[in-house]
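Here's the structure we're looking at; comments come further down.
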Amino acid sequence: MSNDPQAIRRLVVLGRRYDRLFAIVGMMAMMVGILTLAVLLAGLIHDGAERLNWDFFQNFPSRRAERAGILSAIVGSSLVMLITAVTAIPLGVAAGVYLEEYARRNWITEIIEINVTNLAGVPSIVYGLLALGLFVYALDFGQSILSAGLTLALMILPVIIVSTREAIRAIPGAIREGAYALGSTRWQLVRDHILPYSTGGILTGVIIGLARAIGETAPIITIGALTFIAFLPPSPVTGDFPFLSFEWLESPFTVMPIQMFNWLSRPQAPFQVNAAAAGIVLVAMTLLMNGVAIWLRVRFRNRIKW
Amino acid sequence: MIRENPSQSSVGSGSIDPGSRFAHSVGRHVGERIIEVLLFLAAFSAVAVTIAIVAILVFESTEFFKHVSLVDFLTDTQWTIMFADKHYGVLPLLAGTLVTTTVALMLAVPVGTVTAVYLSEFANPRVREVVKPTLELLAGIPTVVYGYFALLMVTPALQWFMPDLPGFNMLGPGLVIGVMIIPYVSSVAEDAMRSVPASMREGSYAMGATRMQTSLRVVVPAATSGIVAAYILGISRAFGETMVVAVAAGQQPNFTWDPREPGATITAFIVQVALGDLPHGSLEYQSIFAVGLVLVLMTLFFNVLGHLARKRFREAY
Amino acid sequence: MVDQTDHSFSVDVASRGDIDSVQGLKAEARNLSFFYGAVQALKSVNMPVYDSRVTALIGPSGCGKSTFLRCFNRMHDLTDHTRYDGEILFHPDNVNILRKSVDPIEVRMRIGMVFQKPNPFPKSIFENVAYGLRVRGEKNRSELADRVETALRDASLWEEVSGRLDSMAFNLSGGQQQRLCIARALATGPELLLFDEPTSALDPNATANIEDLIHRLREKVTILIVTHNMQQAARVSDYTAFMYLGELIEFSDTNTVFTNPNSKQTEDYITGRYG
């Protein structure tokens, strides 16, 4: 090593060359993920687009691939998501609010926090085992829409809790002091300030959670969802008083990812076309939801500047 | 939001003076308490879920181990619970899980790390703003779709290079899981690198270091524990992944370390059993809880490890 | 970066009547302006940096003294939307180091810097000091060890750390960390060393140590130091420049600046009327 300017110059030229090389390697690494995403989408569309017509959405599953459709799966997915949403959103938001606004720093809070973190890392299939033992047999809900909805609700609970907490944490302490100084009780503070101001963040988490739930297959298989469902659950709305029926909760069902898995496990090529078509619908739904969530996140980040 | 009624001006802080206007806060206080208890119960549900998971897994596993000795479970090299000649060795399932996880990590760790270094230290902020959410979309695609990708696109592509590769194998699904966990690895690792103080980078640049030298010799070492936490998150995701393997690896418990062979993971086996309509209370039924317990214990181990790594990283800065 | 233009410095120096010096020039700012986006932070600054001397930059916060200092090793290149205008000529090469064709890395290899807050790397004491050498491709162990020891001795840190070169730099006290950063900068033998308020994060004792050190280091290296402590400027420097609102108001030998300033603004500042 020397401090001779010529030697330094050679070193700098070499260093710059390595920098450029690494930048190229880095860009290539970055493209691995992005290109895979592109190839996956292109492949799905190439394989499945031919089956994507109106009939596909209107038909029940069938032994004849060309006549099979995803009607029962779409209805099943919608009803399961309904249960998941009405259970997980209030529970998760309430838990998040408690941990941020109410919880004292003590061992119970610590235990709750550790549990939330751990639950977020538990593989989804374990929720299936929990549901199989608890909802299907111990509580005797059977292999029903109710069981599936609750299972997915528990699975996305940590997602909603964590995003609620993050959204609330972004609200500056000055807002709380301001509300208290005006005589708010803690609940008034939460209701009038904390929840309205954190809606964007919470909504982002809820959508990401539901997007994950709608595409989730393993826990639903584990509770033993049937795959060949050529009928719809009883309608929740009836013609007679009280106009609502809850029979559908106990109905057997299928959901989009299960339907796709079922077609995918068949060796015949026409069914794999169906699988690809179902895949397109599924990916479109989840990408749309994730896209909305990302858009919301950016929008709220830009709009509210504390 | 500003209320005129003086009785509402108490913050419900507990001290009640009867005879004064503050006495109104008694009723308010009860309402507030009820709400707090309800919110607490919601938060406590996280603990309840954990307890329920552990209780059910342990309960059914206990039943299972009444019939199968723990030694057989841990040492037998065959898992043939669906056949007449029954063996209950968890090793083939564990091997399948380790093989797919290893293949996934061999792809995701280098690609994810380099991506993270690139995004954190090289790319311009606008590129980062676009690429990060795009990569996150990878993590949002349903796993059954990745199963399709592995079975009908990746494996056929691999067979192009390796004509002997069977249609069901662990290599294809392993690679696909690898792609799936890239965003977890790159995003957490990048966050860790970005939280390395700017003064440290300045110090390095001021010495005449290049971007690459600064990244690899200062930023990456400074972010090590955060990067390790990213890897561990990736491992625990790969470990628990179910559908890709269930669809594309063949669902045959196979005690092998060769990723080119078909195999089954713990998760794929649970799916396989659940697909056959097994009677509640049978040994097969109980077995999925026993292997589920193994899965949970291993993920718990990785979660704790990741937690410690993150904690160490946070303490450092 | 070879700049063949022959600039005649002798004429420039001679023409500066108020500076009585026989010293050679190490660097010189000529009509140096600097912009953060549309904001002009430096306004056509002209200032010499004399070889093997300590030059102090003083002035109220926001006057542009740190901005000026950072031009010398092109640290501003790391931030987007910044622009230099004018020249900094570096000697003996006689090259404008702000020219686009001059690689900032090359500039930084020859001009070291010590920052406001000690910023050791998360490495051992030895590796911190060896960093610049390693960046320059030095692999020979005994050469590394020698130069690390020399640098630590030059930074008056050797006595305190010679027994624990392998322990983490974070374990040192603030003052020791700052001397480590000085050793780190010295190890590569820079021709000019920039100090950006090096004692502002330190206690009085550590500050005195660093001041002693800077005073002694002028034998080895030319020093340019930003400080907002006027006593410090008076104690350590040979020349002092007073800056205000991005302009160089006064440059002279330290004695003159503090006892008989030319400008009213300088006088107001050093007598504590503002800043």
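Here the chain labels run A, B and C in written order, and each chain numbers its own residues starting at 1.
Definition applied: a residue touches a chain if its C-beta (ideal position, glycine included) is under 8 Å from a C-beta of that chain, and two chains touch if they have at least 3 such contacts.
Since the structure is predicted, the reported quantities are computational estimates derived from the model, not experimental observations.
K.L.:
Taking each chain's centre as the mean of its Cα atoms, which chain lies farthest from chain B?
P.N.:
Result for the farthest chain: C.
K.L.:
When the contacting C-beta pairs are counted for A-C and for B-C, which pair yields the higher total?
P.N.:
B-C
K.L.:
Could you name the chain whose CA centroid falls nearest to the centroid of all protein CA atoms?
P.N.:
B
K.L.:
Take the average of all CA coordinates in chain A, do the same for chain B, and state the distance between these two points in whole angstrom.
P.N.:
Once rounded, the distance between the two centres reads 14 Å.
K.L.:
So how far apart, in whole Å, are chain A and chain C when each is placed at the average of its C-alpha atoms?
P.N.:
54
K.L.:
Measure off the straight-line distance from the CA centroid of chain B to the CA centroid of chain C, and report it in whole Å.
P.N.:
Each chain reduced to its C-alpha mean, chain B and chain C end up 49 Å apart.
K.L.:
Multi-chain contacts only, two chains or more: what residues does chain A have there?
P.N.:
Answer for chain A, listing residues that touch two or more other chains: 12, 15-16.
K.L.:
Please output the residue numbers of chain C that touch at least 2 other chains, ranges allowed.
P.N.:
Touching at least two other chains: 105-106, 109-110, 136, 188.
K.L.:
Show the residues in chain B shared as contacts by 2 or more other chains, in ascending order.
P.N.:
208, 210, 213
K.L.:
Quick one: in the complex, what on chain B touches chain A?
P.N.:
Touching chain A: residues 1-3, 8-12, 28, 31-32, 35-36, 38-40, 42-47, 49-50, 52-53, 56-57, 59-60, 110-112, 114-115, 117-119, 122-123, 131, 133-138, 140-149, 151-153, 179, 182-183, 186, 208, 210-213, 215, 233, 236, 239-243, 246-247, 267, 270-271, 274-275, 277, 280, 288-289, 292, 295-296, 299-300, 302-303, 306-307 of chain B.
K.L.:
Residue numbers of chain B touching chain C in their complex, please.
P.N.:
That would be residues 197, 199-210, 213, 217-218, 221-222, 316 of chain B.
K.L.:
Where on chain A does chain B make contact in their complex?
P.N.:
Touch list, chain A to chain B: 12, 15-16, 18-19, 22-23, 25-27, 29-30, 32-34, 36-37, 39-40, 43-44, 47, 90-92, 94-95, 97-99, 102-103, 111-112, 115-119, 121-130, 132-134, 137, 154, 157-158, 161, 179-180, 182-187, 192-193, 208, 211-212, 214-218, 221-224, 257, 260-261, 264-265, 272, 275-276, 279, 282-283, 286-287, 289-291, 294.
K.L.:
Quick one: in the complex, what on chain C touches chain B?
P.N.:
These residues of chain C touch chain B: 73, 75, 78, 105-110, 112-113, 115, 117, 119-123, 131-132, 134-136, 181, 184-185, 188.
K.L.:
Provide the residue numbers of chain C that touch chain A in the complex, in ascending order.
P.N.:
Touching chain A from chain C are residues 1, 93, 103, 105-106, 109-110, 133, 136-138, 143, 188-189, 191.
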